[in-house]
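Multiple structures follow.
In the two assemblies presented below, chain A is common to both, partnered first by chain B and then by chain C.
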Partner chain A sequence: MSAAKGKFRYISSDRRVLEDRRFVVGKGNFVADIVRPNMKHVAVVFSPHPAARIVNIDASEALKMAGVHYVLTGDELAAATQPMPNGMPTPEVKRYPLAVGQARYVGEWVVAVVADTRALAEDAAEKVKVEYEPLPFVVDGKEAFKKESPPVHPAHGSNILLDKTFVWGDVEGDFAASPRKLSFSQKWGRSSTVPIETFGVIAEWDAWREVLDVWASIQMPKYADQIATAMRLPMNAVRVHQDVDVGGSYGVKRGIKQTVLVCYLSKKLNVPVRLIEDRLDNMRGGDAHGPERNFDVELAFDDNGIIRSMKMDALDNVGAYAGRSPFQLGKPIGAIVGPYKIKSVQYRAMAVTSNKTVQEAVRAFGQSPTNYTIERALDEVAWALNLDRLEVRRRNFIQPHEFPYLIPSGTSYDSGNYPGLVDKVVKQVDLDALYAERDRLRAEGLLAGVGIASCLEPSGGNSAFEPLLNRQNKTTTWMDSCRIAVDALGTVTATMHTTSAGQGHETLVATVVGEALEIDPEKIRISRAHTLDVMPSNSPVGSRMAIMLGGAAFHAANKLKRKMMTIAAHDLGVPLEDLVWDEGTMTSKKNPEQKRTWNEVVLIAHRHFYRMPEDMEPGLTAQHVMQVPNGGKLPTDDDRIQMYPCFSFEFHVVLMSIDPDIGKPVFRRYMIGHDCGTVINPKIVHGMTIGGIAHGIGAALLEEFAYDDEGQLLTQSFMDYLLPSAHEVPKIETVHQVTPSPLTVFGQKGSGESGYLGAPAVISSAVNDALHPLGIKMNSLPLKITKLGDAIAEARAKAGKEMKQ
Partner chain B sequence: MKLDIGGEERFEASIDRIWSMVNDPAVLQRCIPGCKSMTETGPDQYKIELNLKVASVGGTMEGAIGLSEKTPPSRCRIQVEGAGTLGTGKGDAIFELREEGGQVVMKYEGTGDVGGLVAGVGQRILKGVAKHLIGKFFTAFRGEIQKAAA
Partner chain C sequence: MRTELNVNGQLHVLDVEPRKTLVDCLREDLRLVGAHTGCEHGVCGACTVIVDGTPVRSCLMFAVQAEGSEIITIEGVAPAPGELSILQDAFCETHGMQCGFCTPGMILAAHALLRDNLEPTREDIVEAISGNICRCTGYDQIVEAISLAARRMRGRNMPDGVPA
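What follows is the complex of A and B.
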């Protein structure tokens, strides 16, 4: 069932975001706002070595301090808890919240100190003496892949967690038949999403009720399951309070090690225990680090720029432990050809451990690095043939009439009109004028470039990549749920069953339920169940909530509506089909005098049971568990899989200039064409898009977890890890198109990632266009001023020398 | 992260006087910035406690200093290793003394390796800090020479 498309009452209208009201007045309920009686605080001692055996831990001085309650080591914790989940079949790569026996990266948590205040815990942590014996280490991903590199986990035997080659289609045949080939390599640097709020968690064990209460700043799938497993508790003894506001995440609020740590301490000490990371805890040893990926690509194409086949090697340096990180190489398989008709693909996915901080999920779960590389491939073909970069894209685009379109890796794209949106953007930005402006800037002595990039945003997330990369894992998908209740006085409460990290899910549910029931969304109460009261739900990941929670809310509302109409029809003695619903009043089509109002039906259901149809449960509640559309199957034997169901499309165009003397890039124009199907709340989509672009600007130009050769993380504070500010983020112009998805209730698709997916690709494209006259290309992100400045200086010096000769 | 350390200082004193001063733990303790204690643990081996401040972070360090490869009064190797709330540090330097125009010239050259907190938050100013600390050492050292002369 889906709604009649295009005729909406509340959907797509520019309504306020319900959550904003409490946030703008400072009345959010963040984890740091929650105070439990007699709560104790944790600080951690971290490893200063990239690899070292822990020889001795002496906490005697710390324990002498007044107000210090406990000092926990990895040995004690590991003996009492299960290792944290490992996505890959690599059982010897064990991970605990604190290092056990050996520290494997600078910043790894080694000891936890519990005290009356965080400040006291930090002072005590300074008194803990840890004696280390440094061990050999490796920091570079390609080095770690080599057999002779020192293994981060000696028991595992090597640093390789994953090395799997997929072949979809006749790659060798297509390469042999193609008149042209090229290859290139590039690297996506290690960066983050940097939420304003670092991770925080409170655990409180109630020994008399045998319940472990948890409040956390979390965006982690299967969080309660993971806590129960690690703590060896039945899952119905873990109550995660999901109504905690989260101050930003975009993937990195994983928090499981922090949570297991405080859960153990709370149970051990029988007091509530809180850990809130400071920025340094977060940046060096929290869950802040995203993918770091080397790409080696070969392309086979013809003289017209039609790409027939692609070979892509992707190597992720996942850091010291394997969490879900290798799967970030898996999700891109569901859009491995981008919006282009590449017939065959060979994809080698490699993940290695190294002595760096552990890689965690970052916005788009590995898709943004891959998109950066797919778009670079299109530029490379254009440069090789001396063709216009946009023209090459147009020639390779999947055309509107070809949907649903099956890509070689087995995923079907739902809908799209790529040339349509491109035409709109080209017209709006006046691309010819943009090129003229570029040339004018060049004539002024600046380096200037136009960047062009498309991106697909796979949305409606499932976990189909898990069995694809790890055949022992048979989990393919996750559900989301909504329950709606109309109380005895006729007001509506809708319950959602996951946490929310600022994506506006309350607005989403209220808008959808309001749309379905034709009642003002502002009058609907949104409640968030704790995990002892939840229906099956996952977490807001994979750009899925508009599709999944929106779908669940829509179906639950329709079930409720049907129940109310059934009651009304019975009470009126007319057939159900005779009734029409109009803003909650149910009227007979044949005899409009015959009707029942909302409140009359509420009264029957709650109080006048004798007027109910036989066998119908009293009360007015309805619920729906939503399955990911199109999903749920295991991969085929030849590794084909339907990954995410819906595909949003965006098209980015920028004009940038670079001061050739200092290498500083400046945006002159930034325009994005955006198509996420039917928009549910334009303000939320706009915020996601603009914020995503700012995030992408950071990844492309500024942000990097930089390590030196000694394995030291040099960028831990915002003095060295640079974030885009109002100075670096330009005005962003937006062009909209709506190509509804046939798979969702309103035609909506996901939109949480689009800005971040396209910005790094388009910036790289613009910079390389700007550097074209110098005959150089940049092959890695971020393109920091120093890197650009040095490359330009070197190219100019060389050109100067050549001219003299 | 690695640091290169090197420089040259000139003193108005005899080479034997300078040699004995740089081998006197009491003098070194007074000159090493932030040095709280220096205890002899063996021939030319000392345990050292420091209380330092680098940029916005301050803290304590405990370590060991060893003197070796001595050729009195002209050459000595000094190795330092320590760890504490500021992180880890290692240094290895050689200093040479020679007489030149009635002065003593001390030439020193070596490398340092810093890890942990200081490397992570202070790397951009670390070279400056190292220079500053070395400067403080020699200012105090000159004070010691004058004190001895007075």
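What follows is the complex of A and C.
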């Protein structure tokens, strides 16, 4: 069932975001704001070695301190809990919250200290003596892949977690038939989403009720399941409070190791226990780094720039433990050809362990690095043929009439109008004038470049990559839910079943329910249930909530509406089909005198059972559990899969200049064309888009978890891991287009990741255009000032002449 | 150590460890949790409060150092329970936030700007909030909120039709 298009009451209108009122007065409910009676605090002792055997732990001095309650080691914790879930079939890569026997990266948590205050716990942590025996280590991904590299997990036998080659279509045939070929390599550097709020969690075990209460800044599917499994508790003994506001996540707030640690301590000590990471804990040991990926690409194309086939090798250096990170090589399979008609693809996905910090799911789940590489491929073809980069994209675009479009890896794209949006942006930005401005800047002695990049944002997230990369995993269900109740006085409460990290889900639900019931969204109360009062959810991952939570809310509201109309029809003695709904009043079409108001039906449902239809439950409650559209199938034997259902499209254009003497890049113009189908809340979509670009600017120019050859993390604070400030983010112009999805209730698609998907690609494109006169290209991100400056200086020295005389 | 703190116009007498930061004291001893700790090394600005009229990072200041100063936290900005200041309302109007974690610090930085300058340029606003990191928004709707608040504050007590 779809809503009627084009006549929305609340959808797409420029409405305020309900959540904002509490935040502007400092009344959010963040985990660090929550205080439980007699709560104790945790600080951790971390490994200073990239790889070392733990020889001895002496906590006697720490335990002598007043106010120190416990010192926990990895051995004790491992004996009492299950290892944390391992996505890949690699049973010997075991992961516990504290290192067991061996530390595997600098910053890994080895010992936890519990004390009356965090400050005291930190003091005590300094008194814990850990004796290590250093072991051989490896930090580089390509090195780690080699057979002779020291295995991070000796029992696993190598560092390879995944090495799988997919072939979709006649790759060798297409390569053989293509007149032109080229290859390139590039690397996406290790960065992350780095929310301003670190991860935090409170656990409180009640031994008499046998309930474990958890408050956490979490954004993770199946959190309560994982806690129950690790703690060997029935799942109905775990109550996760989902009304905690999460201070930014963008994927990474998945602190399962932190959670198991405090859950165990709370149960052991019978007190509430809290761990709020400080910034150093978070950066080096919070296990929240993002992908670090080497690409090697070969392309087969013709003289017109039509790309026929692509071979892509992607190697992820996932750090010391597997976690979910290898799957970040899987999701890009659902958009492996981007918005282009590439007929066949060979994709080799490799994930290796190394002695670096563990990774977590990062915004777009591995798609942003891949998009950076797909867009580079289009630029390479243009450069090879001396064609315009935009023209090459136009020639390869999937055309509007070709949807739904099946890509070689088995995913169907729902809808799109790529050339339409590109035309709008080209007109709005005046691309010819932009190139003229670039040339003017060059004439002034600057390096200047125009960047062009498209991107697809797969949305409506599911976990189809799991069975694809791990055939033992047959999970294809990936639902979300909403429950709506009209109380005895006629007011409406809708319940969502997940935490929220700034995406405006309360506003989403209220808007959708208001739209369906034709009542003011601001009068709807939104509740975020705890997990013992909960319907299934898979949390806001993969740009899914507008589609999934929005869809569930719409269907639940329609069920409620149908129940109310059934009651009204029965009470009036008219057929259901005779009634029309108008802002909650149900009126007979045949005889408009015959009607029941909202409040009359509420009264019947809650108090006048004698007026109810037979066999109908009293009260007014409706719920809906929604499965991801178009999904639910296992991969085929030849590795084809329907990944996410909906595909937003964005087109980025920038003009950048670089001071050739110091290498500093400056944005002169940034425009994004954006099409995420029907927009539910324009303010939210705008914020997500611009915020995603800011995040992409960070990944492209500033942010890197840099390691030295000794395996030490060099960027552990905000002094050296640089986040974009208001100075680094230019004014960004936006152009909109609406190409509705046929698969969703209002035509909406996802919008949380698009800026981050396109910004690194377009910045790389602009920088390489700027460097073109010097005859060099940059092949890795981030493009820090120092790296750019050095490369430019080297090129100029080689050319033996100064650009500025 | 006995310390008197004047916070939002109210005097509090506290016993505070000399090493305790102002932000920890506000959050833990006074339960004013609107100031957030993001980095605790003076970069992110989530802990911003106003001390004697100037936005400061309360993670870089000891609580005992604030004795004798006037401290304003985000809890002291709203005119009454359930009401918003013009600036707070403007942040809601433009959706100048997402997760809300940097928001109190951001609003206090803007509050200090607008006290001195009711006609800020985009550059003035960017400069004023450049010590406050927002990871969600890319700053556009924050700049818009502050600009809108300035416009509305310029127009206060003006008869209808008088351009602000």
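The rule we apply is simple: the second predicted complex is superposed on the first by the 799 of 805 C-alpha atoms of A that agree within 3 Å, B and C clash if a C-alpha of one lies under 4 Å from a C-alpha of the other, contacts with A are read in each partner's own complex, and residues count from 1 in each chain.
Criterion: contacts are C-beta pairs under 8 Å (C-beta built on N, C-alpha and C of every residue); 3 or more make two chains touch, one makes a residue touch a chain.
These numbers were taken from a predicted model, which means no experiment stands behind them.
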{"item": "Chain B versus chain C as contact partner of A:I196, first or second or both or neither", "value": "second"}
{"item": "Chain B versus chain C as contact partner of A:S717, first or second or both or neither", "value": "both"}
{"item": "First (chain B), second (chain C), both or neither touched by A:H49", "value": "first"}
{"item": "First, second, both or neither for A:K27, with chain B first and chain C second", "value": "second"}
{"item": "Which of chain B and chain C A:G87 touches, first, second, both or neither", "value": "neither"}
{"item": "Touching partner for A:I684 - first (chain B), second (chain C), both, neither", "value": "second"}
{"item": "First (chain B), second (chain C), both or neither touched by A:A726", "value": "second"}
{"item": "Partner contacting more residues of chain A (chain B vs chain C)", "value": "C"}
{"item": "Which superposed partner A:G504 touches (first chain B, second chain C, both, neither)", "value": "second"}
{"item": "On chain A, the residue positions that both chain B and chain C contact, one per complex", "value": "717, 719"}
{"item": "Chain C residues touching chain A - in the complex, by the definition given at the top", "value": "17, 19-20, 27, 31-41, 43-44, 46, 73-75, 77-78, 84, 88-89, 91-95, 97-104, 107, 122, 125-127, 129-143"}
{"item": "Contact footprint of chain B on chain A as seen in their complex", "value": "46, 48-49, 106-107, 126, 132, 280, 284, 708-710, 712-714, 716-717, 719-720"}
{"item": "Complex contacts: residues of chain B adjacent to chain A", "value": "1-2, 59-60, 83, 85, 87-88, 113-117, 119-121, 123-124"}
{"item": "Contacting residues of chain A [partner chain C, same complex]", "value": "16-17, 19-28, 30, 32-33, 35, 119, 193-198, 245-250, 278-279, 501-504, 683-684, 686-688, 690-695, 717-719, 723-727, 729, 731-732, 755"}
